[in-house]
Every structure is written in C-alpha cells, then in structure tokens.
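Structure in structure tokens, see below.
Here the chain labels run A, B and C in written order, and each chain numbers its own residues starting at 1.
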Amino acid sequence: MSGASAGAAPEGALELEGLGLRLAGRRLIEPLDLVVPPGEIATLMGPSGVGKSSLLDFLCGTLDPAFEGEGRARLGGEDLLDLPPERRRLGILFQDDLLFPHLSVAENLAFGLSPAVRGRAARRARIAEALAEAGLEGFEARDPATLSGGQRARVALFRTLLAEPRALLLDEPFSRLDAGLRDRVRRFIFRHARVRRLPTLLVTHDPADARAAEGPVVELSISGMQQSG
Amino acid sequence: MIEAMQRAAGAALALALLGAAPAVAEPLSWDEALERAPGQTVYWNAWAGDERINAYIAWVGERVEALHGIELEHVKLTDTAEAVNRVLAEKAAGKSEAGSVDLVWINGENFATMKQNGLLYGPFAERLPNFALVDTRDKPTTVVDFTVPTDGLEAPWGMAKINFIYDSARVTETPGSIPAFADWAAAHPGRFSYPAPPDFIGSTFLKQVLIELTADADLLQRPVADDAQFQAATAPLWAYLDALHPQLWRAGRVFPASGPAQLQLLDDGELDIAISFYPSEAQSLIDNGRLPASARVFVLDEGTIGNTHFVAIPFNARAKAAAMVVANFLMSPEAQARKQDPRHWGDDTVLAMDRLAPDERALFEAIPAGPATLPPEALGPVLLEPHPTWMTRIEAEWARRYGG
Amino acid sequence: MGAALRRLSRGPASPALAAGGLDWTRPVPVLTLALFLLPIGAGLLGTLLPAFGWLPALGGETLGLAPWRALLAQPGLAQAVLVSLVSGLGATLAAFALVVAFCAGCHRSRLFRRLRLLLAPLLAVPHAAMAIGLAFLIAPSGLIARGLSPWATGWALPPDVATVNDPWGLALALGLTVKELPFLLLMTFGALGQVRAAERLRTARALGYGPATAWLKTVLPAVYPLIRLPLYATLAFSLSVVDMAIVLGPATPPSLAVLVVRWFYDPDLSQRFVAAAGAVLQLGLVVAAIALWAVGERLAAALGRRWLAAGGRGAGRAGARVADLAGRVPTLFAVGLGAAGLLAVALWSLAWRWRYPDLLPSAWSLESWRRQAGGLADAGATTLWVAVAAAAVALLLVVGCLEREQRGGRRPGRGALWLLYLPLLLPQIAFLFGVQVLAVRLGLDGGWLALVWCHLLFVLPYVFLALADAYRALDPRFGRAARCLGAGPERVLWRIRLPMLLRPIAFAAAVGFAVSVAQYLPTLFAGAGRFASLTTEAVALAAGGDRRVLAVYAFAQALLPLLAFLLAMALPAWAYRRRRSFRAGP
C-alpha cells in the first residue's frame, strides 16, 4: 500500500497512513489511508462494533491497552503517535457530552481553555465570549446537570474548541440527541469546524451525518475472521 | 515433658542472661536522682482493672509533674506478668538500656521472677528519704515479699488484707472460717464465687483456704520441696474445692473474670459475698456509687492473708532517676493518706504513724472511715503469704483440675 | 501467587498513556504488596519457627515437636478449640443464613432498600463496643432481664444462668453474628448489583417461581461466588477473634485465640513456645474450617442443583409471607440487638446508680465522663491519629494502585484479590507475634511507625474493597476527554477523577478509619503496651472494673467511627451541594 503521499498534503491537514487496529494479534479493520485537509469533514462509516471509536482513541493516544494500533498519523506534517495525548492537540467530541459533573459550566470551559490565555480576567473574558458565541450568555455558574441536551452539546463543543485543537474528531456526537435537536447541533458543530478550518474526522453509522458533512466518506470494513499477514 | 522443656529454656535463658549481663553500676544516690529526674518520662506499668486506682495513678502523675517536672505515663496492664514478660524479652534480646518499662507495680511471684532473673535495678528503696517513715517493724511484709526478702529492689506502696464484702440488706449471717464458708455456700447455692486464678484475688483465696486447711502451715513459708510434698500439703485444698464448686455461682463452671467483676456481680445481686483485698474498699465503693449503702465487711476468725504491694524499677529502665523520685513520692504522707482515703482508694498505709510529724499524722486522722470499714482492731490477725512457688503450682494445678 | 504479583505490578502497556517523565503510580502496586506481604510473611515465619522449637533468644536452637507436646498437655486445650469452633462456625453459619433468608424473603420489600442506610453505622461500630453493649443487654442482670423482671419472670434477683461468658461460647457466637451480619449484608448488596439480580428474578418469576424460590434458585448461585471471600474472611475472623471473646466468651478456658494471647504474656518465657504452637494450631483451625466450609459449599451446590432441576415453584401465597417473615424477623432482631446494645452503653455511661431490676438508672450523673475526661482525651487522641494516619496511607496506596490500573490499562486477576484478603483470612495472632519479634529486631516496637504499619495491614484491604468498584466503574471517557483537552495524567487524577470520586473516597476513608479504631491485637502487639487506644482501654476495662467507666470508653469507641462516617457523608454533600449529579445516594 502506498497511500496518500505526504508531500501532496495541504498545510495543516490530518494524514492517516495504514492506520488500523488489532486485538490479540487479530486485525480488526483494514488499514486506512486518508488525508483530511483543513476545513474538510471526512466521514468514517461502519456498523457498530467495528472499532470506529477505538480508531479515534488510537489517534488521541487513549487506546485501551487491550488493542494494538498500527500505521502512522500526521498533523501539519508532525507525527502524532509518538506524543502523549495531552500534547497532540486533537479535539474530540463523544456520543455523550462528558461534561465534568463536579464542575460548573465556566469551570468546564476553563478546564479546556488553553493555558496560553493567562490572567484570571483574560480567561474569564474568553469564557464569557465563548458562552456568548454558543448562545449561552450568563451560564457560567450553572450546574451542567441542569442544562438541556442541546445546551450541553454546545458547552462540550466550546470546551473542546477553547483548547485550540489542530483537528477535530467526532465520535458519533449526535447519536444520543433526539431527531429535532440532532440536525441543529450537527449544523452548529460543522459550521464551527469549517469556520476554524479544522481538519475533521467524523465517525458515524448514520448516513444523514455523512451527507451533512459534505466530505469524503470511507466505509470501514471488518477484517473479521480472515488471517492478516 | 513440659517441665523438661521449661528447664531447658530456663537454663538457656539464664546462660543468655549471664552472658548479656551489663556491668553492674552503682545505683543512683538520692541527690543524683533528684537532679536528673526533671524532664524524664516514666512509663509506669500498673494493673489497671480498677478505675479508682487508675484515677489515683493519674493524680500521682499530676503531682510529680507539679513537684518534679516528671511526665508519668500509666501503661495499663490486665496482668502484671505482661510487664515482667516484656522486660524478660528485652533482656533476652540484649536490650540492656532504654527499656520500655520504667516502673512496675509488683509483688509476690512477679517480684520473685524478676529478682531471680536479675531484672531489677537497685538496691534503691533504702536510698529514698521517705523509706525511713515505713513501718518495717510492725509491718514486716514491707521488707519480705511473699517470704522473699526485698533487698531494697522494690519500694513498699500499700498494704492489702483479705476481707469479705456482703450486702447486709440481703445477708444476715456470715461465715467465720473456711469450713464455715462451705456450709454457708451449701445453704445458699449459687450465691458465692471467687475470681478464676491467676487473678490475684482468686489465687489469694485459694492460699487462704490452704493455710487454714493444710496440716502444717509453716511448711508454706519455704519453697515447695517436691511433687509429693505439694500433693500431700494441698490435698485438703482440692478436696475442699471439689465439694465447694457445685455450690458456687454458675455451679462452679464459670468464674468471675476479676476482683472488680465480682464486686459488680455483688451489686447486680448475682452474688451475696465478694472477696476484697483492701479493708476500706467497701466504703470506697459505696461512696463511688458502685455498692449499696448497706454493704458491710467481715473477716475470718483465724485471720486472713495480708501482704504489701510495691513498685520496682527494671534493670534497663530509661528513666531510673525519675522512677526513683516517683517511688519516693508514693511513700510520702501526702500520697499515702490519699491512698488510704476510701473516697480515692482505701488501702492501708505502709507508714508508721509514730514516725510522722504531727501535721502529717493529721492527714491520716482526717480520713473518714465510714460505716462499712472495720476498725483496725476488728480486722483480725494477718496471715503471711506462702512462698511464691506454692502460688505458681497451685495456679497450674487449679487450671489442670478446673480450667476446662 | 507469584503470577498475581506479576499481574499487579506489570508496567504500562501503552507508553503513550502515561506522560513522559516520572509516573509516581508505577512503583505503588509493588510497594503496596511489599508493605503488606513482608510483615505477614516474616510474621508467619516468626511464629512457625518457635512453634517447632526455634527461638535462639530463648535458648530454642533445635527444631522439634517439644512445643507441640507441651501444647497438647495444656489444660483446657480441647475445650478451647471447641469453643472457637462453636462460636466461629456457628456465627458464620448464622450470619450467612440470615443474609440468605433476608435477601430471599424480603428482596421486594421497602425494608430491603432502607436497611442499607442502617447498616453503615452498625458496620462502623467496633467489635469491642458491640460486644460490651450486647453484654449489657443479655447478661442475667442485663436490660432484657430487667425489662421482664420481676413482673413477668418472678426474678427478684438475676437468675443464675450463664447468658454471657457461657462455657460453650454461645454468647460469643451471638455477638459475632450481630457484628458480622451488617458486613455480609453489605457485601451481598454489592454483589447483587453485579449479577443483574433483577433480570434473573424477572425471568424466574415469569416462569412461575415464587419470589423466595426464584431468588434462591437464580440469584444465590450467581451471588455466592462473589461473597465467598468475604465469607471466608468472616469465618477466619470469627474463629480467631480476641477482643469480643474476652468480653462475651468463657474464661476457663477461653477460646483458643485468647488462650494463645495469654500464653504470649505468661511471665514464664518458655510458654512462648507453647504460644507459638498454639498460634499455628489457630492457623490450622482456620484453614480446616475454611476447607470444611468449602466441602459444605460443594455439598450444598450438589443438593441445590437437584432441587433446581426438580422444578418446584414455591409460588404459594402463604409461602411468600412465611419467607418474608423468616427473612425479616431474625435480621431485624439481630440489627435491633446491636442498636439496643449501643443504647445500653449510652445509658450506663450516664448512670450513677443502676441496680437490678431497675429498667432505668435510679441516679444519673455525668461524673463518669468528667472523671475519665483526661484518660479519654489521651486514648481518644491516640486512636484518632493512628486511625487518620493508617487510613490516609491506605488511601494513598489504594488510589495509587487503582490509578496504576487506569494508566496501565491492566486489572489484577483473581489471585490479587486473594492476596488482598490474606490479612483477613489469616488469624491475627498467627503472624502478629512474629511481627512483634521483627519490630523488636528493627527497633521499631513501641513506636508509632510499627503501630501505624500494623494497622495498615488490616485497614488497606478494606479501603481497597470499599473504593475499587467505584474507581473502576468511573467512565474512563472522562479521563480521555480530559487528556484530549490537554490535561496530563496528574491533572486528570487531581482535577477529574479524585473530585468525581469524592463520595466513595470519603466513604473508603471512613471505612479505613473505622477498621483502625476497632483494632485490638495490632495495637497491643505493635504498640508494645505503650499506646492506649479507646479499644485497648475498653477491652481492659471489660474484664471487670466499673461498668459506667467501661460504658464511657465503649461509647467513645463507637462514636469516633460514627462521626467519621457522618463526616464522610456530609463532606461530599456539602462540597457538591450545587451539583445535581451528586445528589443521588450511594
């Protein structure tokens, strides 16, 4: 497999080269080659249980040690897989918003906010700005548990964005939302990903998600029983 | 088999101890002790089964802190043998300095064990100024402990004498001798018992029985010669107990755990007679709300066992100087008068009244006796403790016969 | 065992998961095991060798059976072993039967859900205080007899019946049952959550089985393997308990464990050989009892399978009522005895005069509290700081081990659980003697280090058991999300995991604290008699003395862990008073 050539990738793109997963030595999915330029949303489709989420975990560096990842991943030309997770600067959104329940909305955002923003006043202003952008002015002191599903999704997005990621990974972030909300949240997240020119990788089993992403779609296939070499 | 093993271990131990014995230093003089004592902490290992005694010891702690700047820690024991054991173990481990026990409340077999094994510091008792006030003439047990000469290795602290407490509201007739006790128990089944040996009250009761029943009581003042002698001398004791036990509380299958437990049972109404070691203990317990006001005391016509209890300093004590100062304070008129006061403890002083200054004597005269305390002349003759070897063997034989 | 050790201590599988640089959790599992196994191993050896005559300090320099011959010649040995067996096996069987009866009969009732709240405080009450309270209750002159006398019983004086300290150890068995029941019930409740009991019951009920039968046939077989280790620990503990046996058990002879302690303290040093042999016998007794129990398990399983296959539904309406009563009454009675005992302790601490047959004191007073204030403060302070230190160290080690699991992504196997239970399965007396010898050798005896370390051996397993499930159950995606937001592993631990686990951590700390407060033998042995804790004081006073003073110490001893549990509930509730997700009960 030659895959996408590194030299041809646009600046700031997310490049995957022979990316795959093994469990107990057995290959779970066929190695994947993909280049996602900034502002583009690529979709990985596949039935549940195929290991889509684990693939994103592998990219983030938080793969369950039972699995074994293979291949290479580069972001803006830099090898990702050697870095500890906190230095990869990948933003990820999960099926659940995973807002930290013991922190207020502002504290959740502050946890994400890059340490490069210094000074209490500056940080507070940055968080207020983000809340305003999310349509949640004055929500700083709120308990995340008191927010609606849509509100929570927006807080989760901005917590991720405040960390100033270089790419965005979406792990079926809309699947738990009800139908009316799903479309709105999807558009909201996609818009921000495009505006910020983030290379975005979406994992889903919902064809509607893939259509809305308007980017390349890769069908993940199960390696299943076949032996791999 | 056990004896062979014990002998072997004992011999080996003795050898080990001889080998490890430190150069014997001259004991501290009183002035040296007084000079070094401030700031030292004394770990006083003392039986702690009686709250009044614990409170008394706490008071001693306050006084020696105020008078001499000594910190006193009461290491509470359920059996003095624990402390003896600890010092023995330390010596066996070669720890001849900075041991964990500074002062120990002791007498009888425990003293004999420690003295025999060279575990004691001294002689120091005669160096203490207050020892001059001790009544060594009329109270010979202050220098001869269970037939063993104290040789200045322990300082007398208090006098004990067997007496019996009963509730006069329930009991009208009391036995006057050991044989009469058996008759009384038969007439009142389940109303008398004694603490299981090796509790010292229980063991002392057995010795009381032995002294009254054995053919030649003088024999008991010497060590047990051999098995045959022991069997012959104690046969009446076992015959007596075999007959007595079925008449006792719980039919002699269960015994009170300790002297104080037995007094609690008296107050509960489970027992009619309890054994006490302190002549004014009954009054003391009434004053403390632990016995009814109708509690009274009786003794036996032929006399009851009396002894002295002491404090001793282990050979490897860390705070020898302060321990000596505490021992001296315990023999002071102030401490002795409080000890005799039934509101605090209630056992007799070791001091001779005629050696005290008038104001010191007044301390003792001011102690209220209370209706439950017999006057000294009514306490009857003092019987001497047998040699400790008798006690050890009686306890073992008792355990063999009745211990399960 | 070696394999389990390797499993526990294996390094991280994914280097990327751990941050570059030093990871403090890496050595923690090995350190924990070392802190744990070294003293126990050395202690066992230090007990085994003298049991066969080897103790050079006391002149024992040849191996042989002399100590065993001496042991067998000890008066009352057979009876002592019998007392241990009756009380230990009896209490474990009774507590287990009560648990099964209660769960089978009452699993649908409101009581079933509510009992959990009641159990935590009862679990917190130290053994000694519980035993003392029970003795105040059931003694011939105790509260129960007073309540019925003389109007119902005609007893103008207490009856001459050994309801406590009876020669067979039945009172001790009762005390152990009352004390162990809350522990077993809580462990069972925890296990029920893991086996999807509700689904099993639904299926069985749909097939026409009555509720109790359905529970016995479908839930019990699944739950039993999960509570097997706690049961063995209960059995081992009951067979070798010392403090409760001193209070409730017989004295001539006492149970084997108490006898062994007596021999250890015999002024005749050669008795130490006998004591060591006795301690090994105690160990053998525990092993044999566990083996016997395991055989019983097989038998019960075989019979149970036949009963299962027979297909009896037990669906009668009357049957369900009987099962409900049979489950409810004995358990409530046992729990009630425990609670009433504590009440008796409180009353006695405030009494001045309280004679039989008065149901309440005839004269009240705070005098006992006032007089004991000094001693109480000293013993209370010692108890407090040892418990705080032991619980804190245990918490640190346990969090380190569990965090290592998270970072290394590996969970220790079944063998590690056995290792963890080791101090609970071995009789304390079997290795504490050796531990003391070791401490003397190292010059640690009578120091705070030895004391806290010794407590740690027993505190650590309970803290681990109390925290592990919650720690492992925490959604790992929170940690991953935090890492992706740029947080290193330490920040994830301190800002995310620990705060989110505040409630179980506080609970585990309280459990550790309570376990430490209750320790009797470890304090006695490692403290070299210099550290008086509320527990050693209470047990020493239980041998007689002033019942009012005993009550003061027992009450204080029970109060301390209760306060710790209260704090453990209040602190997270206060910290998260504005966070809805944390409001639901544990």
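Here is the rule we go by: a contact is a pair of C-beta atoms (placed from the backbone, for glycine too) under 8 Å apart; a residue touches a chain by one contact, two chains touch by 3 or more.
It should be emphasised that the depicted structure is a prediction, and the values quoted were computed from it without experimental measurement.
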Chain contact topology (line, ring, star, complete or other): line
Chain at maximum distance from chain C, centres defined as averaged CA atoms: A
Centroid distance [mean C-alpha coordinates] between chain C and chain B, Å: 38
Rounded Å distance between chain A and chain B, as computed from the means of their C-alpha atoms: 82
Centre distance in Å when chain A and chain C are each reduced to the mean of their C-alpha atoms: 48
Shared-contact residues (touching 2 or more other chains) in chain B: none
Complex contact set, residues of chain C against chain B: 57-61, 66-67, 69-70, 73, 75-80, 139-141, 157-158, 160, 162, 165-167, 250-253, 264-270, 273-274, 352-353, 355-356, 363, 365, 367, 371, 374-375, 440-441, 445-446, 528-530, 532, 536-537, 540-541, 543-549
Chain B residues within the chain C interface of the complex: 1-2, 4-6, 8-13, 15-16, 43, 45, 48-52, 54-55, 58, 73, 75-79, 81-86, 88-89, 92-93, 95, 100, 109-110, 113, 190, 196, 249-251, 253-264, 267-270, 288-290, 292, 399-404
Residue numbers on chain C that touch chain A, as the complex places them: 12-14, 16-20, 408-410, 475, 477-488, 495-496, 499-500, 502, 576, 578-582
Contact set on chain A toward chain C in their complex: 57, 60-66, 81-92, 94, 96, 98, 100-102, 104, 111-112, 114-115, 143-146, 159-160, 163
